[in-house]
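Multiple structures follow.
Below, chain A partners chain B and then partners chain C, in two separate complexes.
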Partner chain A sequence: MSYIARPKVSHPALARNDLGLTMRDYEGGMSTLCAGCGHDSITGSLIQAVFELSIPPHRMAKLSGIGCSSKTPAYFASSSHGFNSVHGRMPSVATGAAAVNGDLQYIGVSGDGDSLSIGIGQFVHAMRRNLNMLYLIEDNGVYGLTKGQFSASADAGSTAKRGEVNEQPAIDPCLLAIAAGCGFVARGFSGDRAQLVPLLKAGLSHRGFAMIDVISPCVTFNDHEGSTKSYRFTRENAFPIDHTDFIPPEAEIKADIGRGESQRVELHGGGSILLRKLAREYDIGDRGEAYRYLDARQGKGEVVTGLLFLQEGGADMHELSRLGETPLADLPYGRLCPGPDALAELQNRLR
Partner chain B sequence: MQPTDIRNPDYFHRVVDCQWGCPAHTDVPEYIRLIAQGRYADAYMLNRQSNVFPAILGRVCDRPCEPACRRGRVEDKPVAICRLKRVAADLRGDIDHRLPQAPDEKNGKRVALIGAGCASLTVANDLAPLGYELVMYELLDKPGGLMRSNIPAFRLPVEVLDEEMDQILRMGIDLRLGQGVASMKDLLDNGGYDAVFVGTGAPKGKELNLPGRHDTQSVHIGIEWLESVAFGHLDSIGERVLIIGVGNTAMDCCRTSLRLGAKDVKVMARKPRGFFKASDWELEDAEEERVEIVVNHSPKEFVVEGGKLKGMVFELMEYDIDEAGKIAASRVAGEQFIPCDEVILAIGQDTAFPWVERDIGIEFDQWEVPVVDRVTYQSTRAGVFFGGDAAFGPENIIWAVEHGHQAAISIHKHCQGEPIAERMPAGMNLLAAKMGIHEWSYSNDYDAASRRAMQHMSLEKRFRKLDIEVELGFTPEQAAREAERCLNCDIQTVFEAPLCIECDACVDICPVHCLTIAPNGEEEELRERLTAPARNLDQPLYVSAELPQTGRVMVKDEDLCVHCGLCAERCPTAAWDMQKSELLVPYARHEATARPPMGSARRKEPQFDEGAGQVRSAA
Partner chain C sequence: MPSNNDFTIRIANVNGTGSASANSLLMKTLFRMGIPVAGKNFFPSNIQGLPTWYEVRASHRGYLARSGSVDIAVAMNAETYQRDLRELSSGGYLLYDSTWPRRDVLRREDVSILAVPLARLCNESFDNARARILMKNIAYVGVLAALLELDLEIIRELLRETFARKKPLLEANQTAIGMGYDYAREHLNCPLPFVARSMDGPGSKIIIDGNTAAALGCVYAGATFGAWYPITPSTSLMDAFRSFCARFRTAEDGTRDYCVIQAEDELAAIGMVLGASWNGARAFTPTSGPGISLMSEFLGYGYYAEIPAVLFDVQRVGPSTGMPTRTQQGDILSSAYASHGDTRHVLLFPSSPKECFELAAAAFDLAERLQTPVIVLSDLDLGMNDWVSEELTWDESYRPDRGKVLGAEELEKAEAFHRYLDVDGDGVPYRTLPGEHPKGAFFTRGSGHNSYGGYTENAGEYQEVVDRLRRKWDYAANIVPAAEIRAAKGAQAGLITIGTGDSACREALDILAGRGVALDYMRIRAFPFGEEVWRFLREHSRLYVVEQNRDAQLRTLLINEAGGRAEQLVQVLHYNGMPLPATAVVSAIEADMTRVQAA
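Up next is the complex of A and B:
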């Protein structure tokens, strides 16, 4: 954290997006996280992604639960909608918000504690419901706000800063997501922005639930020798299986297309992604293979990163629940509140 | 790219744009901080070390520091560096006890200083405290050179000039007024001097030999005319005056004309705006006084009837400007007669050495400019040195001061029988600026305030007398506000690659996007790959060694850094740190004691300007 706010002065030649905004227009308040926190770097990547996608700030809603990670929405896009909810209950709030206004771009930011311990039920059901949102887990393997206890994503055999060894197996949010029917499953690393930013852009453009587990080292409690979520360990053991490029709807495709190892996937939310295989040995749309492959690789201590599983075209919550397309906020008052006669008629039907 | 060698004093010096731009390398950010703290006397003394004449330069310096100021790139207006210098001078109080003094015991060496202008005075300032016996020859009746004769009193009050000259002259300088040197040969053969310094300026105004020029008494050479005014020989002028030329001398001529009674003053420029030699601020000041600047008029002839000047004929010029902003072609589109009563020529000035014989080993080039070494300021004759405008033609006061400092070192070495080209190198201190977790030894927050405007004497009052100073100076409050605009460029961002864990915290927090972690490459290509492309090629990239985890490098584009220190605050491993750089410039006194300057760590350094005067070692 810093005492002075980030000065308002900016680079005079700063790039502008289609809306005429600069990256600085997508900033939020000053982070109060520890200096060097992976979460801040993810915030930086998020700012870059929403800037490059030219998402109007007032068309975004940022939601979070409780924890270091859940402070993130305060640190970007300060002119967007935001809701900092109860611990582990962000998916419910997101569900309610999305139900009444499906037009907003929902970005949920959670952590390994918020999503894999107290909120694991909500997390799984949000995936099952296929809520149309980008869901980030800022995953550092520890409870930072309570001084560094192991979280549910801490690997068995890794140690805490004071030396205790974690004996319980980790819950891997990616395996969980694949098993729970999530249509977009990816893993990134806060320290690899070249990989993370395109994943975020793809996730934002995917219609349905896009889950990205982002390894985000806790610089205060979990960046030490015995950690498997440190900057050094992740850099040494990261195993990127593919490279994702997000291609905006109208853009011409130049990169790598036609080469045997590339694959273009149209996204239902607009645009497409170009996947370049680095080490993936399975079909990205095969749920069973994806699960087996990840499980085997991670058994060897590798941190598999990239877009791990993708299934386009699944019905999202709006379709499944046959919700109206028009946000409630846009309905004329007469339809939103049809009056006492309509109420009486409804009640009569239920007598 | 190779990792940047920050041990080379030039690297961080260059980041301090103002100090790098100042010929005398005045430590601008440090004196601005002293002003912000209300330590005006300390700010004055710090200035005096390098530029010798803070009160004079705080009014009339050509201020190369201001166009260089980083603030001018970050927003549009630079810090008002020059006028802050004047604040230090205006509010300094009594500093006499801190001025250098000459020792009672002399060192037995005699040096002649020819001309009593800023260059000679600087040599005297540096050599008198070392025990030299100095004889200063001056053609005119008063010392000061162009500072007195060419700069009008409404810009530089005589008292201010006298006071700062007196700080030097009172060290026992043998000032011989009204005594020009008629023969250099005679001086060298019979003067008994161990060295001679020539600081005679560029006293010859350029002529404009057009038809009618010499048929009237109403055409004057600018610098001669200004001198006549300054010495009280002239106190009136005709109603309609044309000034030919649009340099800073022209600005002084037009404004002086107004004060002598002219009603209609036009400055005639051959070229369009943007091609003028005058500084922008001098143009502004003249136009504020309703001087008309007429562009694209090239003088053709003086119209004189019966010995009386009627006016001038000008050719009306048209120019084609190319994409680079240069004049590609010009043509004459017509002629115009402009009536006037008097004309002042302000089209440049030259050096003049009729008194230097050409057969005494002092060589001159084809333009009659002496051949002078750019480092030692020695002519082709050992023991004869040139400085100021006399050395390389017209420049400005601050260059003359720097020439004086360097010539003083050479003169000292020459007199002591040391090789004059072997000079003490400049050094650089780096001092921690961290005072606490979020505390720095400087005001690191960016202050968005805009440049304070200088208040001027009202137009009704300023013309009543010739010597009413126009600029009123900043108040302490205005100075404090303006000081906060300084970006503290000398508080350097210093990077230790082995400590970096590549968490991106610094890259994300930098408000001006000057940091990037990227694979190394060639400079040209790397400049385009940065967070914000580094397209100002005048500003260096600071490239680290390979980072431990990925082998990439940290690159900083120095161009727009506002030195807020957030990179260092955000760095979890203190790989980024803020450190104050302090340029250590050797002067003659350092050469004399063979002790390099030590700057803030100056406890053992002999002090002239910090303590009670005499050379002494602080206990």
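Up next is the complex of A and C:
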């Protein structure tokens, strides 16, 4: 992934977060994606989210697979370790990394090609294990780097740039995530930063696997008439069902909590989510209802966005693996080696 | 010809009938009598119903390979009677369950047939249907005890240890031993012309399989993370690691100082290991040939992005699914060059359980020092069979060699950090761990990168990195375990092998020496090949390369990577899935020598 170093110029008036850092401190290399690519807007939202949450950059780890979307970890947080892995296999790398150090903030960036075809097995199993990470799918329905083939998220009946009609049904990452047991499922749109930034912050603060499918139009290969992942189609058919506000742990809640309209959900990772209902007609914590609702609305061609399903309090991989507070990677050798006497004792039973 | 403390017993059973405990009782009895013994299990890829064999070789000279002969066949499986009879050596004995006489199928003039009505005896002594089946196995151990004059008190003591907490089972087993023993004494010509005679005790030796020993090596090296996908014959390695960790690495409240993840497949298992290693833990995955195939893409990533990882390939018979419960050394080349592009991996070749233990631990140090995947190539014979082994010992002063890792303090002081710069001139760059320090951040990628860790498509920058990787490889050749070399007086030629070829080759060398043929010996323990391997090849005009595959993979590697010449390296191959016997090595070498003399 090509990148150009971004000049580090900082204006004294730039806002600073609790760590005294500015947004510039969360930036990365210059993007080499096409001008207008949805992915770059998502990168911008992500920078804002981690800046506002005051996450120390070196305590984040960015991971990705292969594809246009997977290039984006190079475009933010240049003071974080990054791992651009092989196609479709970022979840396994994140699994190993998170298992040995649960103290870092893991951000996985993938795409529809990376997560729903070659990587669908790893994607589903990472959710099943409830890995503590934010997992973004930058979803444009198309393979950009190989110039325009349909991806598995392309809707049936939508057309490719040259007119070919996609005959196969789409795999919807949100429906898949709900079915696979994921505790945090949301959909955003790269063009709606006001909705996306709070979703990202909520996802980063959720303990467990937070999956956000972000519709991110491909300006070069999938932004035409006949595409259901274009800017125009998404704008016209986006159907936000709720608005999410992330409330940091220490903040006083000023927002109005109207009865039946707004709902506050405490996050185990700290802070809370204030959910303002726009069109949602189901309990956010009811997996079956969420699935049915989403399936029915999308059947009508609507792009349902917002926080779609939330279940707090599920045991994450760390807890399920009964790991302690000290990361495995930091355990001193003396605690790990049983020593020569134990070895001798052990062998008494092998005679 | 069999003689005292020098004979082979092959027991034919049906899978799933509980014969394993009887067979291990037989092996352990010989072990405790101080007689060097080897037990090999030939089992099917099946849970119940298919034929299975167990071969026990007693050898006072300490040979652990298969003898190539069968002196006593215990034919407990009616389905394989004819084969068991056919494969019995001339002059041997066939013991069968004569509850159902089979005179018509058991015809051979040059062997003795021993009839014991094991099922009838068990039916008379036991009420329970399961016991009637199980105790037939214990009863034949009783018969063998009478025939071979095994030490009955050792047998009874072993049973007491095994069933210390299962009183009724202990009594049944003791009864069955006595029953078989008494029947044989009364009805058969006991003892046989060759018997077991107690020798000096086994001393500090132990009985252990290679997978268990390798798992112990992982524990002692401080590995905290393992990911795997179950595959025969490597499964017992992770089973053992988990059970050792449950014992040594689990706090009273259940908190674990280890994490084992059963991955969704091998593609994920190696990804998890790379993720864990990248994040600072010692991580490993046990697998077999099919797993190496699946892991290849990530192995290339690990090589190019320079991430430590330890893999155990417990080889089985290929190609494809092959014979999953049979042994081979068929993954040498696919492991050495696993993945596309110019990729090469450090390989270690243990030949005994003790070496599985030691090389497992060494693998972690090498992987971290060299920042690259290291593959330990074991095989089913070594990994799953019980071996009499030297005692395992651990040096208390051992500390893991984590290689060149910059910590927070060093980074704080450093002006800048560049991931792939060859600072020390040995080809090994410095690395940092996530979360330590903002200055340590770098972007790990499998795409083209320059010495500073940046993306590149620049010809020169790309080549600079891969050339340094090659220098790192040359450095690796200096620090991997050296080959074991044994010179023979007056040797004209030499013999080369790896891994489990060792026991058969050592025996073959003795046999050949007895016939006046002296050969130098080299057992290679690692790839890349060190200077001593190159020298051995330079100093011999004729070398026999003994390996367990069809395509002479080690020989190819020696030609590719150690200056070997095709006309100099004579292939000696054994690849039918059964462990290599010494006789196969001897006859191949003698045939070649005859050919050369005739020419």
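To be clear about the criterion, the second predicted complex is superposed on the first by the 321 of 351 C-alpha atoms of A that agree within 3 Å, B and C clash if a C-alpha of one lies under 4 Å from a C-alpha of the other, contacts with A are read in each partner's own complex, and residues count from 1 in each chain.
As a working rule, a contact is a pair of C-beta atoms (placed from the backbone, for glycine too) under 8 Å apart; a residue touches a chain by one contact, two chains touch by 3 or more.
Computed from a predicted model, the values in this text were never measured in an experiment.
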* Asked: Can A:83 be said to touch chain B (first), chain C (second), both, or neither?
  -> second
* After superposition on the shared chain, which partner residues are touched by A:125: those of chain B (first), chain C (second), both, or neither? -> second
* Between chain B (first) and chain C (second), which does A:296 come into contact with in this model arrangement: first, second, both, or neither? -> neither
* Asked: Is A:41 contacted by the first partner chain B, the second partner chain C, both or neither?
  -> first
* To do: Go through the superposed model and pick first if A:14 touches only chain B, second if only chain C, both, or neither.
  => first
* Structure fact -> Across chain A, the partner (chain B or chain C) reaching more residues is C
* Would you sort A:278 into first (chain B), second (chain C), both or neither based on which partner it touches? => neither
* Asked: Residues on chain A in contact with chain B in one complex and with chain C in the other?
  -> 2-3
* Asked: Where on chain C is chain A touching in the complex?
  -> 31-32, 202, 205-208, 216, 219-220, 222, 224-225, 227, 244, 248-249, 251, 254-259, 261, 263-265, 267-281, 283, 297-298, 301, 391-396, 398-400, 432-438, 440-447, 454-455, 457
* Structure fact -> Residue positions on chain B within touch of chain A in the complex are 73-75, 438, 444-446, 448, 501-505, 507-509, 511-514, 532-533, 535, 549-550, 560, 562, 564, 566, 569-573
* Structure fact -> Residue set of chain A touching chain C in the complex reads 1-3, 56-59, 61, 63, 73-74, 78-86, 89, 91-101, 103-104, 121-122, 125, 129, 321-324, 328-331, 333, 335-340, 342-344, 346-347, 350-351
* Complex contacts: residues of chain A adjacent to chain B -> 2-15, 23-24, 34-38, 40-41, 43-44, 190-191, 193, 217, 219, 223, 231-232, 235
